[in-house]
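The same chain A turns up in both complexes below, where it pairs with chain B and then with chain C.
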Partner chain A sequence: MSVTTLTINGRLVSAAEGASILDVAREHDIHIPTLCHLDGLSEHGACRLCLVEVAGSSKLQAACMTKAVEGMVVTTDSERLRTYRRQIVELLLAERNHVCSVCVANRACELQDLAVSMGLHHVRYEPQAPQLAMDASHPRWIIDHNRCVLCTRCVRVCDEIEGAHTWDVMGRGRQTLVISDMNEPWGDSASCTSCGKCVRVCPTGALFEKGAVATNKDPHFVTYLRMAREQKLWNR
Partner chain B sequence: MKAETMAQTITIEPVSRVEGHAKITIHLGPDGQVQDARFHVLEFRGFEKFCEGRHFQEMPAITSRVCGICPVSHMLASADAGDRLLAVEIPDTALRLRRVVNLAQIVQSHALSFFYLSSPDLLLGYDAPPAARNVLGLAAAHPEIARRGIRLRQFGQTAIELIAGKRIHASWAIAGGVNASLSAAARDQILAALPEAIETARLTLDWFRASLPSHDEEARTFGHFPTLFMGMVTPDGSLESYGGRLRIIDAHGRLVADQLDAAQARVLLGERVEPWSYLKSPFLKALGPDEGAYRVGPLARLNVAQRCGTPLADEEFARFRSLSAGPVLGSFHYHYARLIEILFGLERIGELLDDPSCLSTDVLARASRNRLRGIGMSEAPRGTLFHDYTVDEDGLLTSVDLLIATGQNNLAMNRAVTQIAKAYLHADRLDEGLLNRVEAGIRAFDPCLSCSTHAAGTMPLVVEVHDVNGATIGRIDRRA
Partner chain C sequence: MSLLDMDERLLDLASLIDLVYSPIMDVKEFPEGVDITLVEGAVANEDNARMLRLVRERTDVLVAFGDCAVAGNVTALRNPIANPLPVLQRSYGPDPSRMPGLHTPDAEVPPLVTKVENLRALVRVDYYLPGCPPSADLIFFVLSELVAGRTLNLQSRATLG
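Let's turn to the complex of A and B:
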């Protein structure tokens, strides 16, 4: 396998062919914030938190979606990037109804963690406060669209790992919603296997267990399942 | 009141050293004498509306945010309503632990009310300057009492934290039980702190009892009138704070209703809405808003119960009940009742935690929604608290009705203010000591108006006299 050499934050680093900037950075302990990315799932590039500067391009690039190229010069941390990332988190918080104090994911929420890591103590944008319904028709779980950040981890894990493809995305812009089957109540879904993977990968409190007052999602099972499957660990 | 040109209104705003924001207006008749007085609650929180559409199992955590002083009471009333929606009997240990936490809540809140908010009036006098008549002034004049009061509140808060995980806004009680069992170490820590707390309660009771003769006038004028009383009792009529049944008695001590569950009690109660306050006024429907006015809280609980059920509290209970041939009618004695409840709470916490079953890990009954309406209750420090939920088949709330203790005392508080104003206020004598008594009369009920606490200080008090056309004809401003 050929090796690519590039520069990240002034450091010369090497990358396997086809690796994304995010992969390379992580391999070299260079932190880039992410939200929609989850190890073991395909990349989606939705949240834009992993934006980086690439020399020679005036546009910012999503590190998860951009392949490392020979000779590339990448900056992962700058005032400009910090400003954009902070704005992204503020916009996410303003878009729907994120009330940490009464959320099951309080202290176990990736959106909250991002806000804390950025020292975000208030949101400058007017809260949109959409009136979104909850779907509690499933016997075990609830989807609360008020807390959804449209990262599509649930959609991808259901499709790529479970193979059910119960979840998908409907609508555009601020009308976008994650739906089950053909926008039917989750509890009526014929495709849902009630495996619960979607609940475990959700970075916020949008998908949660009925009766839970706190949640510890731990989505690392995805990499384990994928590795076990690829290495045929379960074949006798 | 007939609109006479001489009619006047005196306004006390904000009322200080209560939990929340309120004002008092005193309406004078043409003859300059007090005709009527009103206690206005100026806050609007909207929990009942914005909880619609949420799932009932989220409600204990959401409604604990109603209040920073009694979050436990809301959490437990909400969990009780949730138990009823699940239609399950919760495990014995869950009920035992919920009781302990509720008693710890009553102890800490009563300690706040008595030591931080009311004892400055009792110990420093109603005529002491406002700058000194607060918990800091108390610490300067009576350091031992202030220190013990603070430690007592700390006991209650620490017990809540050790059992429920957080002192304020815990998310521990859930529909079907509780989500964490108690460790032996936590139990031992609570039990080890009990003797000092009990000693504080006894010393304070000794002092308060000895000072009672000097408060004789307040006892007669701070809301001394007949009403009904409602409070929770055990099946044998002893004092209870959670998981019991309600009893209603009249001003002569006769049983009006007994052993009611929350749903049975709720249908007996009507609510009147006044245009001048956000606080609704509940009353016993069968008797109407005047005859049906009732009081809840420490005074009511000790009036409806036949005994406390713990040895030290029962000794004091006998002295308390000897104040009157029938129920104790003077609202000033809310203070006395509060102190007895602290002692009772501490003793009962010891009893409940001495039983090894408190450490069982069987603390949650699991079920799906099995009913469409659930009414739960707890005895909050200030009185009976109801949470009434109606849900759809998925468990999403279609209606939320929170009937809070302070609301149930609303009619009585208005009467108390009127009575105090009639006794102490005249249009030509607007001095502060007299107006302070009006505030202190309200404070005896320990009204909790929101999640905000003003424990450490005196808020500015403005009193205005208005004529019938709204023109200000007199004004006292403490900030001046």
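Let's turn to the complex of A and C:
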């Protein structure tokens, strides 16, 4: 396997062929914030939090979607990047009804953690306050679109790991919505196997268990499943 | 109430400040020339808006105190419904006679605004003190720094909810 050498934050690092900038950074303990990325699932590039600067390009690149290339010079942390990442989190918080104090995922939420890690103590954008529904038709779980950040982790885990493809995305722009089957109530879904993987990977309070406060999210089981299936390694 | 959780530290603060106005003090008019004002709650009715503008005019340092003041929070949960009438009907039932103030808003029962706003939507806010409720430690830190005349950077102390 050929090895690629590149520079991240002034450090010379080596990467396996085909690795993304995010993969390489993680391997070398260089922190890049992410939200839609989840180890074990395909990349989606939706949240844009992993934007990095690549020398020679005025465009910022999503680290999860950009392959590491020989001689590449990458910056993962700068005033410009911090400004954009902060704006992204603020826009996510303003887009739907993220009211942490009354959310089932309060203190167990990746969006909240991101905001806190960025020192965000207020949102500068006007809250959009859209009127969005909850679907509580499934016997065990609820989807609350008010808390959804459209990361599509649920869609990908359902398709790629469970193989059911119950979830998908409908509409565009601010009308975008995660739907089950052909936009039918989740409880009526013929394809849903009630495995609960979507609930465990959801980074916010958009998917949660009925009657559970601060749902115990556990997105890392996806890597465990992948290791078990592909390498027959059953280590937790 | 989380102010009271500062416990004996309140006594240290008390020796440094002059408390000139509070909703539980018998002071009719918000005084002029106030150094620091903590404003809690969002702007949910017309009187809140009037009061907030007056406070801003008469205060040097205005602190948005708690998540409702900072972001609307629970108070703004009704915003997706927009018009206050269905909100009141949901709370008090469909019978208008059981909804005092809805048809005859007056000085005692100010009319609700259509959209609940956080403070910064109406006035300039100097500091955001988040939390639901803010922790006593954070309140003490902010107050003691402000009383000492220092400027604050609250980024490392950010919280939500």
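Going forward, the second predicted complex is superposed on the first by the 231 of 236 C-alpha atoms of A that agree within 3 Å, B and C clash if a C-alpha of one lies under 4 Å from a C-alpha of the other, contacts with A are read in each partner's own complex, and residues count from 1 in each chain.
We take it that a residue touches a chain if its C-beta (ideal position, glycine included) is under 8 Å from a C-beta of that chain, and two chains touch if they have at least 3 such contacts.
Just so it is clear, the model here is predicted, and its values are computed rather than measured.
When the two structures are overlaid on chain A, which partner does A:Asp29 contact: first (chain B), second (chain C), both, or neither?
In the superposed model, A:Asp29 contacts neither chain B nor chain C.
Taking the superposition on A as described, I'd like to know which of chain B and chain C A:Ala133 touches: first, second, both or neither.
The first partner, chain B, only.
I'd like to know which partner A:Glu230 touches here: chain B for first, chain C for second, both or neither.
The answer is neither, since A:Glu230 touches no partner chain.
State whether chain B or chain C is in contact with more residues of chain A in the superposed arrangement.
Of chain B and chain C, the partner in contact with more residues of chain A is C.
Pick one for A:Gly187: touches chain B only (first), chain C only (second), both, or neither.
In the superposition, A:Gly187 contacts chain B only.
Going by the contact rule set out at the top, does A:Ile142 touch chain B (first), chain C (second), both, or neither?
A:Ile142 contacts chain B only, not chain C.
Based on the superposed arrangement, let me know which partner A:Asp218 touches: chain B (first), chain C (second), both, or neither?
Touch status of A:Asp218: no partner.
Answer with first, second, both or neither: which of chain B and chain C does A:Leu120 touch in the superposed model?
So A:Leu120 only meets chain C here.
Looking at A:Glu79, would you say it contacts chain B, chain C, both, or neither? Reply first, second, both or neither.
neither
Do chain B and chain C land on any of the same chain A residues, and which?
101-102
Hey, which residues of chain A end up touching chain C in the complex?
Contact set of chain A toward chain C: 97, 99-103, 106-107, 112, 115-116, 118-124, 126-127, 129-132.
Can you list the chain C residues touching chain A in their complex?
Of all residues in chain C, those touching chain A are 64, 67, 70-74, 76-77, 79-81, 115, 118, 120-121, 125, 128-130, 132, 154-161.
Sort out for me which residues of chain B touch chain A in the complex.
53-55, 57-58, 60-62, 65, 169, 171-172, 174-176, 179, 366, 368, 394-396
Within their complex, state which residues of chain A touch chain B.
These residues of chain A touch chain B: 101-102, 104, 133-137, 139, 142, 187, 210-214.
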